Structure formats: C-alpha cells, structure tokens
Amino acid sequence: MTAQAPAKRVRTAVAAPRPVHKARRKVKPARVLLHVFLSVTALVWLIPLLWAVYTSLRPYDETASRGFLTFPKAITGENYSNAWQQAEFPHYFWNSLLITVPAVLLTLFFAAGIAFFVTRFSFRFNLALLMLFTAGNLLPPQALITPLFQLYLKLPLPSWMSDSGLFYNSAWGVIAIHVAFQCGFCTFVLSNYMRTIPHEITEAALVDGAPVWRQFFQIILPLCRPAFAALATLESIWIYNDFFWALVLFQTGSKRPITSAIANLSGEFFTNPNLVAAGALMTAIPTLILYFLLQKQFVAGLTLGSSKG
Amino acid sequence: MSHFQRRSPEPWRVGMLAADRRTVLKGLLGVAGLAAAGPLLAACGDSSTGAAAGPGAISLGSSGSEPTAKAAYQALIDAFGKSGGGTVKPNIVDNNTFQKTINSYLQGTPDDVFTWYAGYRMQAFAKKGLLHPIDSIWPAIEGNFSPATKSLCLGEDGKPYFVPIYNYPTAVFYRKSVFAQHGYQIPATYDDLIALAGRMKNDNLSPFSHGIGSGDGWTLLNTFDYLNLRTNGYQFHIDLMSGKTSWTDPKVKAVLEQWGRVIPFYQQGGAGRKWQDAQQALVDKKTGMAVTGMFVATSFKGADLDDLDFFPFPVVDPAHGLDTVEAPTDGFLLSKSPKNLDGALKLMQFIGTAPAAEAYQSGDKSNLAVVTNSDTTKYNALQTKAAALIASSKNMSQFGDRDSDPGFMSDVVIPALSSFVNDPSQVQPTLQSIESQKSRYFSA
Amino acid sequence: MSSTKTTTSTKKAAGRPVRRRKMRRLTGRDKLVLGLLVGIPLVIHLALVWFPAIASVFLSFTDWDGIGLDTIHGAGLSQYVQAFTNDPSFWPAVTNNVLWLLFLIAIPTPFGIFLAYQLDKKIRFSRFYQTAIFLPMVISLAVVGFIWQIFYQPDYGLLNSLLGTNNPGGTYLDWLGDPSLNLSAVLVAAGWRHTAYIMILYLAGLKSFDPTLREAAAIDGANERQTFFRITFPSLRPVNVIILVVTVLEGLRAFDLVYVMGGNTGSKQGLELLSILITNNIVGESGKVGYGSALAVILLIVSLVVIIPYLVQNFRKEQR
C-alpha cells in the first residue's frame, strides 16, 4: 500500500522536464555533427562483429580457397546447423541455464539482503562489508582455483543435489563460487540504490510493528525492481559467459556450460573457423535477447551512486 | 543537510514508471523460478545417464570430442560391447580442456579408464600414484606389441600402465605434384634439405610451412626433436628431455646452430599464424614442405590426399642415420581407484587386441594401429608408407612435450625456442635461459 | 544524511544513538532474519573467496605441485626469488600489465566517458548507438577471441587484406606474432571492450545526475566543457570510483583477451601478462602451484596497493 503513493508523484515528476524538448524544433549543426560522430563510432564498433557474422555464413571450402575478403559465391546457414548438432547446443544451453539462473537469483537475493541490512540498520558495518566484498573481487580467480578445488573435493552435498556427493563436479559448486564472487558488486549497486528509498517508508512499517522479513520482502524488494533488472542483465552476461570456473570444477563433459562446449567444435588437428564462428555467435544469442528485453531498465536501474550535489 | 533533498528523479521512482515492464519481468522471474529447480532435476536425471554409471558400466574419460575421434572411440566401445565385455559410458571433454585440467581430473573423481599419451608424460602420473597398474592383464596382451611399443607402456617402476591404441609418425610432408613440377629430389641429408629449400625459394615457393601463432609453439618441437635425434642420437635426446642432461651442453648448441641454417627458409609471418593455416598453405601449394605429424592428412581431401607424401627427416650425423622415428602414441590408462576395476581391466585387455585396433581404425584413417597382428589391408598409401617407416626404425621417440615435463616444455622451452626462431643469433642466451629455469621442474 | 532519522527520533529522548534505538525495537525473530540475510552470503564469500586466497598466500611459500595434500613442502621465499630473478617472462609481464593499465586510463576510459556524456543528451537513436557500442561486452569471449583472430590473421585477415600488407617477401605485418606489434594490436581489442564497459557504467551514473545543476551552470554562462569538468564530473564521485576500480582491475588482471587470442594457451613474446603466467603455472599439467601462487600474491599486492588507499579515502567521504 505504501508503495502506491510515490507512484503518483512520479507522473508529475516526469511531466516537468517536457518543455526542454522544445529545443528540438531547430536542428542545430552541432546535433548533426554529433549524430555523424556517433554513427561512425557505432559502425566502427560493429565492424569486427559483422565480419564474424559474414564469415560464419560462408562455407569453409570457399573461404579456404578464395580467402575471406572476397565476394561470396554462397551464403549458407550450414555452419549454424552443423554447429548446432555437433556441439549439441540444446543440451548445453540447458546446462548454462541451470547454472546462470540460480546463480543470478541467489546473488541478487543475498546482495539485496546485505544491502538492506547496511542501508537500514548499520551504516558502520556498511564500510567493512563493502571493503571486504570489493577487495574479494580484486583477487585473480586463477589464484583461488587450486585451494578451491581441494575444498570442493572435501565439501559434501546430499546426493539428491549432486550425483558426485560433492561440491566438485556439481552445478551447485559452480553456482556457489559465482554467488561468492558476484555478491560484492551487486551489494554495492543495491546499497546505493536502497539509499535513495526514503526511510519513512520502512520506518512507518516498523511503527506498525511489521516484522523485518515483511519490510524486506514486501516493501524493499519490490521497490528495487529496476536495479534488479539492471543487475540481472549484467550478472547474467558475466556468469553465462564465464568459462574459467567450469573448466576445473566439472569433471563430466556433459555437465559443462555452453562456453566450454563450443570448444568441442575445434578439433585436435583440424579446425573449421567458419564453423567455430557460427557456434560462437550462437552462444551469444541468449545474452543478446536478455539485453534487448531489459535494455530500458538496464541503464536506469544501474545506480552506481547518487549524486549528492 | 538540505542538498539531500535536491536529488533529481530518484531511480526507484523512475522504476515505478516502468510498471508496464512488470509483466515482462514477472515472466522472466517465473522462468527463472522454474529453472532454479533445474539443477535438482538435472542431478536426478544424470544419475542414470551421466558418468556416475550404475554397477557394471565402465566409465571412460575421452578427449576425442571432434566427430572423427568420437566416432572411432564409439566404434571401439561398440566392439567391446559385442565381444561381451560390458557397457562403457564415455565422458567426452574437448582435448584442450582435458589436457589442461588433467591434474585436477585425476585427483577428483576420475573415470575408470581415460585416454592419454605414452612417454614421460604418463610415467610422471604413475610416479605420483595417480594410476592403477595393469600387471594382471599385461601378459595376455604384451605379445601384441613391438618391443619399442612395449617399453612405452611401462612406468619408471617397470610396471605396465598404458595400453596404446594408435600412433603416427612425424616426418617432412610435401605434395608429389609440386615436387614433380619443379623436378625436386628427396633430400637424403640435411645439407640436401637446405639446398632444396634454397631452390624452392628461387622458385617463389615458401620452403617450409610455419605457424606458431595461436599457442602453437609446440609445432617447433617437430624440427627441434629431429635435429637433436639426428645430431646426437636417441639416448641423448631422451636424457635432455627428462632433465638429466644440461641444455648448455655444446651438443645442444650444435643443434640450434644447425637449426639456424633452415630458419631463413620458413614461411614469413609464422609467429602470428595458426598452425592449421600453415598446413593449409601446404594444401594450397604456397609452401613446399611441412615438418609435422601425419595428422596433416586431415587437411587434405579427395585427390589432394593422394598427392600428399612424406620423407623421413634427413640425416645429419651418419653415426645416427635414420635410426629413430618420432611417433607419438596415444592410448589408455586406469585411474588410481576405478569404481569398476574388473570391468576396466577387461576393457584395457580388449584395447590391446586386433579387433579393438580394427574397430578404431574403421573410424579414423589418420593414424596407425599399434597392434602388430591387426589387419592393415585397409590402409591407404600414406598409412602403409608410415607403418613401414615406423617398423624400420630402431628407436621411437614420442614428442618434445611427451618425453619431458609438459609444463617445462610449454612455459620454458617453447617460448625460448620461439624467440630463438625469431632471432637465430641468440643461441647461447636461449640455452642458458632454459637451463636456469629447469630447476623449477626437475628438482627431485 | 541523517535528516530523516532526526525527525523520527525526536519522539524519543535526545542523545540516544539512532541505530541502537532501532535495533532495540527488533524482535528476536527479526534479528535472526537479519543475521541469516547477512550471515549466509558472508559465510559463502569468506569460505569460497577469502579462505582460498589466504591458502594461496600460504602456498606461495611452498613448492607444491598441486597433487596430494601430503606433498606440500615449505620452500621459503624461493618462489619469489625465482620470479624476480629467473623467469624471463616475469618482468616483461609486469611492464605489459603497467602499459595495459596506462593505455586503458589514457584512451578507452575517457572515450567511454565522452560517449556516455554524448549519449546522455536527449538525442534520437541513442538506444541504437548504445547497443552497438555495448555489444562487445554482451558477446562471449569465444566470439571476441575469434573476431580478433580473423581480424588480425596475417594471410587472409581483414586488416592485412585491406591494407595489402599480406605479401610475403614484400610488406608483411604480423600483427599478433611480431613482438613489437602484438601488444598494440591486442590493446586495440582491449580498448574496444573497455570503452563499451565504461560507456555503460558512466551512462548509468549520469542518470542519477541532477540535470538542474547542468542547466544552472548553462545559465551562468559556462560552456559544455566547463560544465562537464566543473559540475558533472566532480558530482559523480561514486561512479568515478567504480570506473577507476574497474579500469585498474581490467588493467592488472588483463587475461581473457590474450588467453583466447593466444589459443587458450601459453604466453607469447611481446604478450606476457601476469595473469597468463599464473594460469599457465597453476592450471597447467605440470602444476607449479607454489610458483603460480607466488605470482598471484605479487599481483594481488600490486592491485591492493593501487586500489585500497583510494577506496578507503572514498568510502570515508561517503560515510560522512
């Protein structure tokens, strides 16, 4: 109920800056220049990617004999269908989903918990926690892998969670390390975000005698939705694209995520680069879809800090 | 502090604006919730299909992830099943990952049987207690291998660990049509080879394919190994590789000096070229020769394959002649404590027989069977010639990174040799740098 | 900061610390909920990040090969001595990491900020520009590595084909192989990604910037550049901290681009990086865990020395 009042205010807040748009009536040369500059930059940024797409659409025999910088005789989706089958994409997409989705959700949930605590209850703890998590992010993952691996070999998991009975060779193990590593950044962003939510809202709930868990779940979490959207996008991209943890922490090939699986497209002695291009580009599809879906929220919700003037 | 109030549209309010997005988000969260239950489902599913196979099944860790190797191993597994051996559950991981993570793999929960390489590289694991010996089945199969192959299967403790499935020789590969077109002769000595390279250069042909770009520095070992084998002999080479001989020995210096003579004839731009592209240059007749393994044949298709031929790396010192062939051998090992030891041993025994070799060969034509009594009538011309080369050689070396500590090779020797190829005048500094870093790897 | 708190606390006797008063209102169950909310992630973080980190510091004083816990033997400072005196890749790696960092600070970071500032103006197609420039961050490293390989490939790569510098015997530019060229070539790719990263982070930061401040400056007659440097930039301090941290991290921990462009293995003359050396020693087959850990500790110390003073200073300001 409390959340509805500010919603009304928003509309007025947005109506206010309208007059600024009047300026658009006159096309300034500076604007034209800006558009030219931005278009050129965007194009330069896209060229390498488009080049890869072009390569992936051409058959290997043609590029091998005629080179890559040639007009195509044939444009074909063959590489895509071959890569799809050869790398067993549906299976490995599913594996990636099983790691990414729980990891992102758990990271966001835990980070929100910490952010809730430090912004509502303990500002002094805030500094210590943020330092701890941020410093944790400084560590090169390669440096942690050996002790982590030994630890995972000793940490048991119930057999209904992991067929190995261990954190090792289990999706949960990989999820856990992602959560541990990503919590810092998310806590930082979420605590900045929560600080912009007026204290009156939770204070009122406190006076009403609402328990803490209700404040958290029913008031704070819904208000943080934009920040969640932004972080979910970023974290999904990062976790989905990771290949390092999966490299060492899985023993079974068929449990690995898609980033590892496309390595199956490169042979030991012979590699078809066009096929690899097609496979690699296909792995980018889920993150692209997610980015496009949540794009609007993305920038708005990624509050890295409020300007305090 | 009143400036606190001045903050413009609070992000959380902007968020309320996006109420129309809520549906999208809710949908996403719904999907997410479903998927969160996923690992549980997967864990249940995997226990019936994954590597942790039920009693009876033998788990097999395989690095053959490409279609050819995958099919060949599957043929082997099927043949084993048909012979009444039992079910095998393969666990396939791409080659690069498999090699890189072998240490953690073997310490974790490895499969009963796994693919690996002969040589020091296998013996090191045996020494560290990560392998299970196969003495109980060894007498039944050792007669199927040549003496040189047999010695490859033993650990430093003299116990058998390894059952080979195939090998392939390294040599100097070329296209018959290119040699015929220019009237080139097969060089018998290293001097002849240099002279031939000079002629090719005059004919506007890059004499040697060269590509060490994308982590492919290992391809240099083909040439280094042969020059050392031909100049100093097999035993010196093995001692050097296993860290017993000093790299600053004048005999090694002689090898690099010989090498320096041929480097000017390397294809330009090798430092940035992938080795696959270097091989493609041989296919495209842009280069005249390639010192490489028989797997180069995988780049040749149809009629091109019939045009591919090789000659052994020529003689440097007549005292050693052509007595050694470099023939990397791949095969299988047992992990430390296989869950299904009996089944695993049965599988190992089967692999050491002719039917297994033939089953494997039915899927992969770029290698040679090592079992002496297997049917070789289905070999193509290249395979037949390669088999003869191996049979005629007294010694069989593996490969630089298999006869030595692979980390020493990839982190010390290969970078040093790569910069040597870049600047062949640096003979002594190259060797000193290798020797001084050797202690990190061969301390024991 | 505490304007809201003081209003609520007026009800109670003055002088009481606000925080304690609030905590007292919490029931036992509330405390349990809060404890779990903070405790669980904290335990996970400490166990999976800090415990291995401390173990790595310990391992850097051993010569462990990574196999079997019983084979850990102390080796004193010998791994560090090795790194400083007997590894031809170590000092080039340090130099390259520093160059990498300086380059990121000098070009892609300011350019990313500049782009964000331009895109923050209410212009058409802003979303399209944003997306196009941000794509390098969305796609996976496998794609990125592949893209730059076919871009720089010496024989048929896009760059050499366009420039006509793939002519053996004539001009021949070996972008990724030539030790005097390859770092620059990879830095271009790194800049490509880093610009995208900084652009999106700064754009997010700009959204929380009060536009009236900018308008006020404009009324005062400040030009765009003055407005940016005197008003916008200083007021976005938290974002600037993040960007600095991200840039330093990317510079010092630079790994993935070289790793994928180098075929997931080995270090190459001209492209030595600390994190690559660490990976080769720790993840590779010969398991030089002790030595790799020593390199990691060196990298960690360098990162901390660069970042921590700045972070402390900024968090302190934040708390005030």
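Chains: A, B and C, in written order; residue numbering restarts at 1 for each.
Keep this in mind: contacts are C-beta pairs under 8 Å (C-beta built on N, C-alpha and C of every residue); 3 or more make two chains touch, one makes a residue touch a chain.
Source: prediction; values computed, not measured.
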item: Contact-richer chain pair [B-C vs A-C]; value: A-C
item: Farthest chain relative to subunit A (centres taken as mean CA coordinates); value: B
item: For subunit B paired with subunit C, centre-to-centre distance based on mean C-alpha positions, whole Å; value: 35
item: Distance between the centres, which are taken as Cα means, of subunit C and subunit A, whole angstrom; value: 15
item: Contacts with two or more other chains, residues of subunit C listed in rising order; value: 66, 149, 207-211, 283
item: Per-residue overlap in subunit B, given as positions that touch at least 2 other chains; value: 4, 6-7, 11, 14, 96, 100-101, 104, 107
item: Residues within subunit A bordering two or more other chains; value: 247-248, 300, 303, 306-309
item: Complex interface listing, subunit B residues touching subunit C; value: 1-2, 4-8, 11, 14, 96, 99-104, 106-107, 121, 128-130, 206, 212-217, 267-274, 277, 281, 405-408, 410-411, 414-416, 418-419, 422, 433, 436-437, 440-441, 443
item: Touch list for subunit C against partner subunit A, complex; value: 4-5, 8, 19, 22-23, 25-27, 29-30, 33-34, 36-38, 40-42, 44-45, 47-53, 55-56, 59, 66, 69, 115, 118-119, 121-125, 127-143, 146-151, 156-158, 161-162, 192, 195-196, 200-201, 203-205, 207-211, 213, 235-239, 241-242, 245, 249, 253, 255, 275, 278-279, 282-283, 289, 292-293, 296-297, 299-300, 303-304, 307-308, 311-312, 315-316, 318-319
item: Subunit A contact footprint on subunit B (complex, rising order); value: 3-4, 6-7, 9-19, 21-22, 24-25, 28, 31-33, 35-36, 38-40, 42-44, 46-47, 50-52, 63-69, 91-97, 100-101, 104-105, 107-110, 276, 280, 283-284, 293, 295-296, 298-299, 366
item: Residues of subunit A that touch subunit C when the two form their complex; value: 17, 20-21, 31, 34-35, 37-39, 41-43, 45-46, 48-49, 51-52, 55, 63, 67-69, 110-111, 113-114, 116-117, 121-124, 126-127, 129-140, 142-148, 150-151, 176-177, 179-181, 183-184, 188, 192, 198-200, 203, 206, 211-213, 216, 230, 237, 240-241, 243, 247-248, 259, 262, 273, 276-277, 280-281, 283-284, 287-288, 291-292, 295, 298-300, 302-309
item: Residues on subunit C engaged by subunit B in the complex (per definition of touch); value: 1, 3, 63, 65-68, 82, 86-89, 149, 152-155, 166, 168-169, 172, 174-179, 182, 207-212, 261-269, 280-281, 283-288, 291
